[in-house]
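Chain naming follows the written order as A, B, C and D, and within any one chain the residues start at number 1.
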Amino acid sequence: MMKIIVSEKDFDIGAEMTALRAGNPQIGAIANFVGLVRDTNGGSDVASMLLEHYPAMTHRALEAIVAEAGRRWSLLDVTVIHRVGELRPGDQIVLVAVASRHRADAFSACEFIMDYLKTQAPFWKKEQTPDGARWVEQRATDDQAAARWSE
Amino acid sequence: MMKIIVSEKDFDIGAEMTALRAGNPQIGAIANFVGLVRDTNGGSDVASMLLEHYPAMTHRALEAIVAEAGRRWSLLDVTVIHRVGELRPGDQIVLVAVASRHRADAFSACEFIMDYLKTQAPFWKKEQTPDGARWVEQRATDDQAAARWSE
Amino acid sequence: MKLKVLYFARLRERLGVAEEVIELPDGMGMVAMLLDVLRTRGGVWAEELAAGKNFRVAVNQDMAGMEVPIEDGDEVAIFPPVTGG
Amino acid sequence: MKLKVLYFARLRERLGVAEEVIELPDGMGMVAMLLDVLRTRGGVWAEELAAGKNFRVAVNQDMAGMEVPIEDGDEVAIFPPVTGG
């Protein structure tokens, strides 16, 4: 089971957690990650951020990542929500919530999904700073984080 | 910064996440774990669960675990809430939410705090099953999970 | 010296005591010695606190090993491995 | 054969194209060959799509390496390393 949303709209973590749990009394653990827009990045103030994506591919890529997590760990349900469009500091960008019987599966799968999302899902961030707009570059640590799962 | 609550009362994940983020625009990542009462355990139906604790020690033990996480990783804020008293299947038992600039710190610290909580914080679960009441025994995997952080 | 000794969870039920004050001769200054005294009560005490048994001890609300010193007025708690979370 | 080719983010801005249809001779059936054709446009095309540059390619919405086959009607996307999450 999975729920994947790509949207300009904000999400409500409490409501998503309630929906994820609903009707499955086997769930003992939910690991959850929320990414937020920070007000500085690489030493510059960030006034706003534009999140571009590749609409025809985004959903499909997220589905493939979640399906792969489901093959590697014993999961009961997964929710992935990713915002697109214009965001401001403090805004929520992404939610990954993973429900399982025991916590080890939930933690590993949640981190795996984030690591793969960061390197495989077609989103790009453009930041507005006092020096003008700039495209965010992928961090080398993101590639390393994803690579460790294939060891 | 940390917020630690041990209480019979339920908690609202959405409200806790909002409080954790409030006023800190440096937060880019929140990793979050919620433990729930499952309706079966070890093959038996669980009708309810009683969570006993050692009141004089509980808060202090949780504080020490969070402080240790703060020494190991770069964290901006941590919330730990643990329920005590009588709980039913589907009820929330524990919340660990860790805020940091980047996700690697948040994920590691959240998992560390859960692993240590499971082996160091003085809580005990007693389950009501069709065969009577039984004290839950510590799983060997919990000891192993905690031990890996000292490698 | 006087110690306040607490028992929790399965051990509290099995030993039939939640809390007691124990008077020990001065110089019996380690967790291990308190446990020796408790075992001499025999029955469930000798059984549950036997050396191979899986229980934990806290001294003044900190997890403590067998060698940890105890002093007059300390609070010692004895309990099963914890199962919260 | 005809391909729909899409560009995203910094590459879209730099190349000045979001989407185009490219007609290739039959038999140019790999991602690498499409890139060769694009590089022959020179200028920013040769620069941004040079072999050492860090960009990604997807064929029909799946991440694709240089050797992945392309066929008539395929959608090929070229974009910088992704930065979501």
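Note that contacts are C-beta pairs under 8 Å (C-beta built on N, C-alpha and C of every residue); 3 or more make two chains touch, one makes a residue touch a chain.
Remember, predicted model here, so these are calculated numbers, not experimental data.
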| item | value |
| --- | --- |
| Shortest path length from chain B to chain C (each step joins two touching chains) | 1 |
| Most distant chain from chain A, judged by the mean position of its C-alpha atoms | C |
| Centre distance in Å when chain A and chain C are each reduced to the mean of their C-alpha atoms | 48 |
| Rounded Å distance between chain A and chain B, as computed from the means of their C-alpha atoms | 23 |
| Chain centre separation (chain A, chain D; CA means) in Å | 26 |
| Residues of chain B engaged with two or more neighbouring chains | 35, 103, 114 |
| Chain D: positions in contact with at least two other chains | 85 |
| Touching pairs - complete list by chain label | A-B, A-D, B-C |
| List of chain D residues in touch with chain A within their complex | 6, 8-10, 58, 61-63, 75, 77, 79-85 |
| Chain B-touching residues of chain A, taken from the complex the two chains share | 12-15, 17, 21, 25-40, 89-90, 101, 103-104, 106-107, 110-111, 114, 141, 145 |
| List of chain B residues in touch with chain C within their complex | 35, 51-54, 56-57, 60-61, 82, 93-94, 114, 117-126, 135-138 |
